Amino acid sequence: MARMLIAGPHPDDQELGMGGTIIRLASQGHHLLLLDVTNGEPTPLGTPETRRQEAADALGVLRDAAAKFAERNNTEPGSIVRVCLGLPNRYVEHTIENRHAIAGAIRAWQAEALFTPFFQDAHPDHLAVTRLVEDARFDAKLSKVSMPWPIDHWTGEPMPAPVIDGVGVDPKNPPTLYPKWLFYYYASHLRWVADPSFLIDITGLVDAKIDSINAYHTQFVLPEKNRKVVEWVKAAGTYLGSRIGTDAAEPFFTKEPLGLVSLAGVVGLA
Amino acid sequence: MARMLIAGPHPDDQELGMGGTIIRLASQGHHLLLLDVTNGEPTPLGTPETRRQEAADALGVLRDAAAKFAERNNTEPGSIVRVCLGLPNRYVEHTIENRHAIAGAIRAWQAEALFTPFFQDAHPDHLAVTRLVEDARFDAKLSKVSMPWPIDHWTGEPMPAPVIDGVGVDPKNPPTLYPKWLFYYYASHLRWVADPSFLIDITGLVDAKIDSINAYHTQFVLPEKNRKVVEWVKAAGTYLGSRIGTDAAEPFFTKEPLGLVSLAGVVGLA
Amino acid sequence: MARMLIAGPHPDDQELGMGGTIIRLASQGHHLLLLDVTNGEPTPLGTPETRRQEAADALGVLRDAAAKFAERNNTEPGSIVRVCLGLPNRYVEHTIENRHAIAGAIRAWQAEALFTPFFQDAHPDHLAVTRLVEDARFDAKLSKVSMPWPIDHWTGEPMPAPVIDGVGVDPKNPPTLYPKWLFYYYASHLRWVADPSFLIDITGLVDAKIDSINAYHTQFVLPEKNRKVVEWVKAAGTYLGSRIGTDAAEPFFTKEPLGLVSLAGVVGLA
Amino acid sequence: MARMLIAGPHPDDQELGMGGTIIRLASQGHHLLLLDVTNGEPTPLGTPETRRQEAADALGVLRDAAAKFAERNNTEPGSIVRVCLGLPNRYVEHTIENRHAIAGAIRAWQAEALFTPFFQDAHPDHLAVTRLVEDARFDAKLSKVSMPWPIDHWTGEPMPAPVIDGVGVDPKNPPTLYPKWLFYYYASHLRWVADPSFLIDITGLVDAKIDSINAYHTQFVLPEKNRKVVEWVKAAGTYLGSRIGTDAAEPFFTKEPLGLVSLAGVVGLA
Amino acid sequence: MARMLIAGPHPDDQELGMGGTIIRLASQGHHLLLLDVTNGEPTPLGTPETRRQEAADALGVLRDAAAKFAERNNTEPGSIVRVCLGLPNRYVEHTIENRHAIAGAIRAWQAEALFTPFFQDAHPDHLAVTRLVEDARFDAKLSKVSMPWPIDHWTGEPMPAPVIDGVGVDPKNPPTLYPKWLFYYYASHLRWVADPSFLIDITGLVDAKIDSINAYHTQFVLPEKNRKVVEWVKAAGTYLGSRIGTDAAEPFFTKEPLGLVSLAGVVGLA
Amino acid sequence: MARMLIAGPHPDDQELGMGGTIIRLASQGHHLLLLDVTNGEPTPLGTPETRRQEAADALGVLRDAAAKFAERNNTEPGSIVRVCLGLPNRYVEHTIENRHAIAGAIRAWQAEALFTPFFQDAHPDHLAVTRLVEDARFDAKLSKVSMPWPIDHWTGEPMPAPVIDGVGVDPKNPPTLYPKWLFYYYASHLRWVADPSFLIDITGLVDAKIDSINAYHTQFVLPEKNRKVVEWVKAAGTYLGSRIGTDAAEPFFTKEPLGLVSLAGVVGLA
């Protein structure tokens, strides 16, 4: 089972782009860190406090769904943790300091795979976060240089050190590592037509995904016009599912070719 | 475990393009039909008799390697069967009759996945075979029309009916089916630079692959200049392996997006 | 107002791929010929008779919807005509004779724009029809050679000669012409992810489109598993609509760059 | 009729890339803001004063041509306004401050569509401006944050507030908005071969376009070698016109799929 | 110096697509066979007799220009020969017999490089010829099978056997060979925007190229609307020349990556 | 013969990506500046002192090989010079100051062609250097502004002024110029599958290339796992050579179309 970091420029991006996949991967035993790069505020109807609560609620939805899906499939679910770096919403920049902040989170979580928004987007924060994650992947492996241990903006406390195979990661000196994979999920404000490298089947997980999105009450329930976004997310899932012969799916992109040791995970051949 | 059909315009194309993958998939329990569309003759140094023997020898190499690899990994290997349709080498054409001949093989084997050469090639037979396979995939599912049961050109006998879950396929009335996947492997005479959708790790299987190629003695051992082809195949494997962080790999292409139910088969996450 | 020919390999392909656009274009005054290349039979539950009736019913749905939409928008609707060439379903081939059959229809209708299925497809008939249309576009302009006037397979009668600006086309000697545009619509049996050159907004036309599809009762209502196709079509419409900021849209492809004399037709700028 | 903002890194980029389209769109009633991001100086033969005068002269050429073309087509022309932001030529950087400067212009003009140079270019200023415009499009819609009202570098005065439907925009509090479209025009110093999403017919407008370019006397008339650029622009127009069957055309790119409500603006179908 | 075969579906395609390059390559000492696959007739104003004469005239223009350009550059020009296969205009098909006809010409000329129209085209003959050339390239190398020696349709006589390094090719048994390169030139009836792999500088050769085109008097001088085609060809040359910094250029495409032993031929580095 | 600048983010990138081509181009008389943007340190086993020595050793290997290859081919070799800019390893940023530092080197060397790493990479320094080179190409041509003459970080001394056609470049006032070509070589830490615009044959130069890489003893000999990189480089060379029919090759990319004045440099036609 692998350790994965899913970067969201704002809380809710991860749910919108790959909420179903988060549930599936966690249900299969992977350990996931949802890294909120900003707290997402200000927005028209939100406040930092409501946003923090909503992010926590969404996390609860995802965890519950993962546990239930694992039970149904007789698998042992992995953990899902959420941490916010607290960079300034609407002002995220591609700087070395910010690269290192994310590299610190990669080391802290000992992430073997990274997920970040697709590199075509209309939102400046999304573009900046993705450039940061791309560079931080490399920074995380640099010898002879330390990266800052994440302080969780939601709590003001250092991110709890994960325990891996019974041993805690040392916040003072987490091992360097190079995440093997960098996958892009689609949460783009650009009206880009997804051209995915692969899709992940989320059959049976759509309702929970939508619940996790609607947990952001100030973003998708209160503002009437944003409810349409939720409809779009559902339709995209159904359409993309039809491309692999399942009820629903989420798209992913990778610049590096996907490497397989088997076709065991392929829809219809599993 | 799935049933797969691997079409080769000429015997040796399957080995050149995906010999390592054949071994790996068979070792994992999949059941493979190597469908030689022609007998590959005439060639400068071959005869139909030598080619038949070489195809059989290559099959033996693949089967032995699959059995050994399965043993090493504690898996139960699947079967590998070889059948030749006997279409005329150098004169393969894209006709409805030929489409149906291949559709007949798809039904006979009850193939859920197809492999055929990449659609950019300099060899007219390769281009024709791939067009035939693409169309035959659809023909195989047509209701109210029968397709010819394959006669094995190597033996002159009808292809033996496979037994699936203890029940033999009825040669007079094999069920219609639509193979879920059509994958392209690279065995191109065009000097195309592979741009794969995904790669399959063949670490530890390169020697057996090369042995299976060299089993075509009149094609790759006797003609000195063709020995270079074997070197190229090896180098391509190493280069492509480097693209997914393994010792060697083989490339594949799919026009339909790859659908996954897990990342279990992904290199480094398995 | 322009004259347009929409080729469907089988009746229902036009509705599936661009039913909403057919309604919109007709409502705006364009004159459309739905050219069924085959009668679509045999299928599991259909017969030539039911299919003929269903094609007529679908045509009725489209005509009614166009009339209503025109009324709502105070425009003068154009005509929609349906003719079947009666080539053999499942056996359509790319021959000069078949090219000329379609070139004859282009001349008969004096079509200035052609629509045909996207050139990536799993269905051999679709691929063949699209190659035929591509070539027939050129054949239609050839001087010194006549093309056959279409005989409508549904009625056994010659296609009625259209009257253009008060003058009837002469079936014995229809003028040659080269359709200015060849657009591809998506009705693919390949699980291709649409990568459109442009989208046409079908807001408000989805229900009528679905009705026109369901008019093919033996294809989409009786066979339970095909009802899913209708769901997919709806979801694709919603998803693609979200790409241009409308409730629904249909995708189109053009190999030749789209040429505009104004941005008057662009969503949001109109 | 829509309000459009056309960003030029230096005065003359808009004329070179889309001078004909500017005339056409204005003649059709759209209201255009030519936003010069820098004053274009220093250059070998120019001065800030000559450049200001040349930009004004070019504007005059465009306005006159739009008025004449409108008269010929019986349309009511829209306005063309020119404002210079005065960022430092050769030193334009992708900063939040510069993003906001452009976002301020978007709000001030209430621009519904943006045009900016294609994102592949050899000129650092072009690349920077396009990144700024891409991000500013999003910044312009942000609630709870004000953007600076543009000061026109040419006059040193605040940009005059436009009057829309009889109501003036309030410089102290212009409404937020998200421009529906971001189109890229080609004015690249990279010898890129244009791969346009669509072309706009500029038949009959080439002479006026060339006049507007030659109004930059210090850039295209005095320096003999730059006269070649004007020849290239003409040839590109003719070549691209041939791709849509018109005398001349200008190319445009869009990352978001073009959405149409009709084919009314399509060459040959209008 | 190399031997090259330039296939034209109809006489004039070679001149339109690469007339300047033909002159340049011949002037540099390469030996070129212009292979007219059909005689190009019927056309509205042509006859087989006029077309034969025009093809001969065009050849004369190319030869003279090559000789003059060679003299100017102090190089020894190679030969240019023209042969017509006489396949039926408007009815060229992709058959094995036609493949072999072209393979016969490849062997007869001992062609090391082939040029054929780009594979996207609206003219069925162009598409067919290019598929034939692609396949014939491979057929030409097949051992144990003879290909027909070309009969020149213009004269009714067998094509004269070329003399290579002082030895004549034996028409009864020309050596097999595999042309190292297959390049596509652009002479497309589709309004395709050229996306070339490389361009060849034709500075100083445009006038001669245009003369060679106008030698087809019944095609480009008599029919007034076709004179526009010549203007387009000129503009395309100027535009594409601007992409490599020369006065004019012609575009080429290759599916196989271009391999260089030096940058000696690169514009500006030579 | 041309003057070329080959930018390496760290010493060894040039050798890894295009060591064979460096030898070949120098052997043919071109004059090459290897510009190390950083000194490459820190690394796990290196020090600034060892890295300086290794860079010098690698340079010696390249020079010797170029001299020998020139002798074998009876050509007059050009010079190879190495200079380090000393920007901070791991902290290279895309700033105007850094752009100008590279523009200064372009002017100092009077470089007509630039080589820089491919623009898809996982290493932040590589991405930054390539953006700097892209912009510096343009900065180098700017009139009325001076760029800093390079100080060689390895020696602390100003880079020696080259002598061109017997005249030394004046460090106080080197001429402005715009390098005609910008080529990308592949030295990417991203597992990108090369998609080259063209390949350069390095047959017979692989051993010397590998020697030049192994001269970086602390990078590729001492660290056992990095020896694999050298194997990958060799395999990539063999694989890519097979794509142009040579023993080995190196890939290059260009955004601007390659312009040729002859096919003299093309493999097999030279």
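Points worth noting:
As written, the chain order gives the labels A, B, C, D, E and F, with residue 1 at the start of each chain.
Just so we're on the same page, contacts are C-beta pairs under 8 Å (C-beta built on N, C-alpha and C of every residue); 3 or more make two chains touch, one makes a residue touch a chain.
None of these values were measured; they are calculated from a predicted model.
Common neighbours of subunit B and subunit F under the contact rule above are A, E. Note on connectivity: the fewest steps through touching chains from subunit B to subunit D is 2. Interface subunit A/subunit C: over half of the residue numbers present appear on both copies, so the contact uses mostly the same residues.
In summary, the interface at A-F recurs among the listed pairs D-F, B-F or A-C; the equivalent pair, sharing over half of its contacts by residue number, is D-F.
Between subunit C and subunit F the centroid-to-centroid distance comes to 56 Å (mean Cα coordinates, whole Å).
One simple way to say how far apart two chains are is to compare their mean CA positions; for subunit E and subunit F this gives 38 Å. Across the assembly, subunit E contributes 191-193, 196, 240, 243-245, 256-257 as residues in contact with two or more other chains.
The list of touching chain pairs reads A-B, A-C, A-D, A-F, B-C, B-E, B-F, C-D, C-E, D-E, D-F, E-F. By the touch criterion given at the top, residues 2, 24-25, 28, 30, 112-113, 180-181, 196-201, 240, 243-246, 249, 251, 256-270 of subunit E touch subunit F in their complex. Partner subunit C is touched in their complex by these residues of subunit A: 191-196, 228, 231-232, 234-240, 242-245.
Contact residues on subunit D toward subunit F in their complex (touch as defined above): 42-44, 90-91, 93, 120, 122-124, 127, 189-193.
Residue ranges on subunit D touching subunit A, taken from their complex, read 96, 99, 134-135, 137-139, 142-145, 182, 255-257.
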